[in-house]
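Note that chain A is present in both complexes that follow, paired respectively with chain B and with chain C.
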Partner chain A sequence: MPEHAPSSLLKKALERRELTLMLLLVVLLVPITIRSPQFLSAENINRILNDMAILSIVAIGMFYVILSNGIDLSVGSIIAFTGMACGMINESHPSVSPLVLLLVGMLIGLLMGLLNGVLVAYGKIPPIITTLGTVNIYRGLTFVLSKGTWVTAHEMTPSYIGFPRTTFLGISYLLWIAFVVIAVFYYFSRFTRTGREVYAIGGNPTAAKFVGVNENRVRVVVFLISGTLCGLAGALWTARYASAVNEMATGFEMQAVAACVLGGVNFSGGAGGIIGVVLGTLFLGVVTNALPVVYLSVFWQTLVQGLIILIALALNTLSDQRKSAKLLAQRRG
Partner chain B sequence: MAEKQDFIAKSRLINEMSIKNRLIEFFTKWEVILVIIFTLMFVFFTNRTPYFLDWFNLMNATFQFSEKAIMALPMIFIIMCGDIDISIASIIALCAYAVGNAAQGGASIPSLLLISLLVGTLAGLFNGVMITGLNMPAIAVTLATQSIYRGISIGLLGDQARTSFPEGFGVFGQEFIPNTIIPYEFVLYLALMLLFAFILHKTTYGRRLYAIGNSAEAARFSGVNVKLTRIINFTITGFFCGLTAMLLASRILSVRSNIATGWDLEIITLVVLGGVSITGGKGTVFGVFIGSLLVGYLKFGMGLLKFSGTLMTIVIGSLLIIAVLLPRLLDLYKANRKLRLQAQH
Partner chain C sequence: MKKALLFVLIASLVVTGLFAQGAKEQAVKSEKEIVILVKSMGNAFFDAVFKGSQEAAAELGGIKTTYMGPPQATAEGQIEIIETLIAQRVAGIAISANDADALIPVTKKAMAAGIKVISFDSGINVGGRIVDLLPSNAELIGRQQIQLAAELTGSKGDVAVLSASAQATNQNLWINWMKEEIKDAKYANMKLVEVVYGDDAPDKSYREAVSLMQKYPNLKAIICPTTVGLLATAQAVKDAGKAGIVEVTGLGLPSEMKGYILDGTCRQMALWNPIDLGYTSTYILNGLIDGTVKGTAGESIPAGRMDSMKVEKDGIIYMGYPYVFNKDNVEQFTF
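And now, the complex of A and B:
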């Protein structure tokens, strides 16, 4: 078969996870839109995007951790701690601008991620255990910080609460921030040395070490990214939902992992991309928002999400296995 | 070459002779460290409050952790093989839903038990088959089934609760053995603990789990049916989720869709704290037994001293990290000592 035959191009395109996901998204959108034409209205699209912005930020952090063959279970707790901290700072020092609060959130998140990363890289504790420990510690610290109280909407400044909703060129700040994060990390994972090193470590740590990749550094970096993005997400969360409570973002780690799985990120490390993760997040958002349209009660949301994750997982695995079987056949000649 | 062998023989002799070495070897075992921590904790709480070292209180406190401790037992098998199951809390919720619903329909206690065990076993079997059949990572599959099982009970139950149970249903989860202060639940736990210790340490099946955990490939080449063994582990775990759901429903006599939320991580914590390696192949039932009691009584004691529940989560989270970090440091220490000893001779 010639190299550029249209059928082979199509096959190649279908092997790309991103395109498959986009196709699935369209397939999903057609019946929903037929049923309820408003679903594709600018207003509704805007709402779905805004709903998913925070998840996409956190999922990108999770993406790097999974890419390096780890997992970060502590994201929900980091969001809670930073969100609470930002809410309390806003309450006690109303003059501090929201932008500074975002930076404070990122800094706190960075430190929490640093602790995770150091324990994993230098303590040689498996990521799942490290973050299983810190998910408890950080959540506990949130309670210690807040002494069990809440920060409610009227205790925060309008400028902070209004920040995610403020628009620039018709698009909310929240979305702008998500776009910037996506763009920065797309560049990071495609075109920077460290970004490529994460793929190398996740794909084959031994080989990566032989070509001079500093494994410990990469392991710390992925948790730094995840922690910092969670810090950003925490600061935005408190503002968007206009309250900071101790239980906020409980179980959010599972949503982030789900977005990654949908986006084709491989659990054994080394495979996946930012665009896939973003599409995975979007997919989750569309499904969740579409439930009322098909007259399904929100109570079924969890089940539908679980089924989608399982199907996506099975598809990922099957396509991986087919690919490696093909490679093996090629090698045998 | 001969020199080297001579040297090895010599150092081995030195190692065997030295009582000091043996003591160090003994006291750096994780199970022994756990017992020491456990004893210290008992002394500390006894010193601080007169209500701690009271047999009735100590026995009554077991109600708070028996169910989780029971779930930690089959989880040892799963983690021993290098797998993980984060769907157990959801399976428990699903079973509890089935029990609550059947009870409302007027089912008898034996049939409730049967239903619960059946639902749990099937859910566990599904996990196992999905994981081994398509060769998918356990954490990813059970993440999905976590949502699926929980989603079924949320979907069916919504914000409702099931609270009508047959006469005498509360016995298993609330009552004591007649004329004693020992709860049924705790006795059941102790019996199961011994059973699991026997299976893990004294039967071929148990030894196979260690083999798989150390190297699944090597185990397969020596004739172990790795896939089947892993499926059995998940199925057993599902079965015990069914049992736990019965105990839990019997204890609190109310079933909601958010029942047992967060138990997955708590139970995995018990197992890892007990010294079972998350990568598999290492650990004992005794370690997990002490680990479970340690966490259970730590919570009880801190509650007596009016520490908030949040401080406990910090303590338990730290304990978990220390539990994994400490053996690594001890190993490093041991290796250094050996090097030094060899250098001396």
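And now, the complex of A and C:
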């Protein structure tokens, strides 16, 4: 079990995939900066962080589901439904403040996550099947809700559109929210009973049950977290892109999964950390934002993006294997 | 005896009723009845098409236009409606088809029953309609996009295109004509630097627009021949504080772009005007029903304020340049 006590956090973190990923990030930044020097400007870094804020929120939700040995394919659809709902509320009730909209988004997301969780935990339907169903149900509900129409910038209030752009101490509200989410869930993962139980269920469900972990409860909780964070992301998404479109966030689940896996989260559950997920998101952010500015043909970008992710993953896994081989040798010796 | 009498009485009542019904239908038929059959109900674009049709009907007189469409955009729903219209013996149908081929058998049946069938906006293939009215053609659309950008920038500086997906057929055709138009000597100081793709996703389009501004310091305009891309680009340019420095233009729905047009981020853009489409369709149907035109290639069909429509090969009619929207007219349009 690659788990560790909170006290040796820094040392352990640096030993693990997080370090490899950080090194890769630096390696990646060198050629990008040579080709496009303004890439490392403060303004651009701020832009990339803002661009990745929503993904980091969703990826953290996805992290808990993967950690419990599940997957949530419905995240994009939850974002779309909550984003559309918030956009429509903002259009019909302009007096409702953006903060209330965020809460409404989270509440709707929570309910959608609850359905996912109950189906998985009590319906005993595997997460991939459950969310393969709900991804379409929630997307369909978005169309039903909007009757196929959009909400666009001029139908929304300036305070809602301006919300993620407003800055406090030079940092946008959008980023602040992402920071708070990261901090809250960092604490949740490391220092709360439920947070630790997610690791236990994902790592060894049988053992976890023997020590009294309520498996069903944990499975519901992870989907609740994912749903609620997607709801928050949806409310922010509509404001940030100043439009609520039915097709929004299609395929976003893949980006969230990629951020987790890049960040060293074990795909079969039980291992990984919030810092890794944040670094994975950042890595994706640098790749997706750098490729369009390095004068690379658009037709090559998708391919190169895939290659970089694959290489990063391969290097990550390799360093992991070497470490466990070392560990094994030590034990034998 | 009493029973027999009652039977005769009832029978005669029923028969008289039927005749009366027939007579009433006859009366309605003296007014030419046409139907604007759209992809689905509840779409502001088609509401505007019908408005145009009503305008033309009022000008022409003696013609009654009705607006119909299935609740969902399916070919099956349209086929069902056409079957009913054949039974009702309407004079003409103008269809924006959900499927270019699937409607052909039923529209053939309608034409065999003497109903004049044309398609508009989203056409039916040859054989399934008399003429197909297209809002514009790729050449006019593409060339106009460069003209719009040139007007905004004074024909100077770098221009980029932010399109839908890399394999969007329409957009690619239009972009090829943009590249053709910009070769003209009058655009000597204007350079089309890159075509990027936002995949009609707001987030990707936004990101691509920001990248374009970063990559080309001399960028003066971004052309987005797709409404999602246009919305996202306008927001990205606005967020970067570059409204008026980087001009935004393209093809977009006025209802969605209204905010950016009024605040000056996108000073002008184009789109086919659905009011004109409905108006022209109605004139064409009227001519076909009266028999003054046949819809054969080379023919000119009078179309009121839209002048005349020339029928090209395969019964295709191109209405003209897309309509240009700006802050002075955008608020009149609800689609």
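Annotations for the structure displayed:
Assume the second predicted complex is superposed on the first by the 287 of 333 C-alpha atoms of A that agree within 3 Å, B and C clash if a C-alpha of one lies under 4 Å from a C-alpha of the other, contacts with A are read in each partner's own complex, and residues count from 1 in each chain.
We adopt the following convention: a residue touches a chain if its C-beta (ideal position, glycine included) is under 8 Å from a C-beta of that chain, and two chains touch if they have at least 3 such contacts.
Note that the structure is a prediction, hence the values are computed from the model and not measured.
By the touch criterion stated above, A:Gly133 is placed in contact with chain B alone, chain C being left untouched.
Contacts of A:Gly148 after superposition: both chain B and chain C are touched. After overlaying the two complexes on the shared chain, residue contacts for A:Leu23 are found with neither chain B nor chain C.
By the touch criterion defined above, A:Leu99 lies against neither chain B nor chain C after alignment on the C-alpha atoms of chain A. When both complexes are overlaid on chain A, the residue A:Leu40 reaches neither chain B nor chain C.
By the touch criterion defined above, A:Ala183 reaches neither chain B nor chain C. Look at A:Pro292: by the touch rule set out above, it reaches chain C but stays clear of chain B. Shared-chain residue A:Glu247: touches chain C; no touch with chain B. Of the two partner chains placed by the overlay, neither chain B nor chain C lies in contact with A:Ala207. In the superposition on chain A, the residues of chain A contacting both chain B and chain C are 148, 299. Remark: chain C residues 40, 42-44, 166, 194-197, 200-203, 206-208, 210-212, 214-215, 228, 231-232, 234-235, 239, 255-260, 262 touch chain A in the complex. On the side of chain A, the complex with chain B involves touching residues 71, 73, 119, 123-126, 128-130, 132-137, 139-144, 148, 246, 254, 257-258, 261, 267-268, 297, 299-307, 309-310, 313-314, 317-318, 321. Within the complex, the chain A residues that touch chain C are 36, 38, 44, 47, 51, 147-150, 152-155, 165, 237, 241-243, 245, 247-250, 288-289, 292-293, 295, 298-299. On chain B, the positions that touch chain A within their shared complex are 84, 130, 134-137, 139-141, 143-152, 154-155, 158-159, 265, 268-269, 272, 278-279, 308, 310-314, 316-318, 320-321, 324-325, 328.
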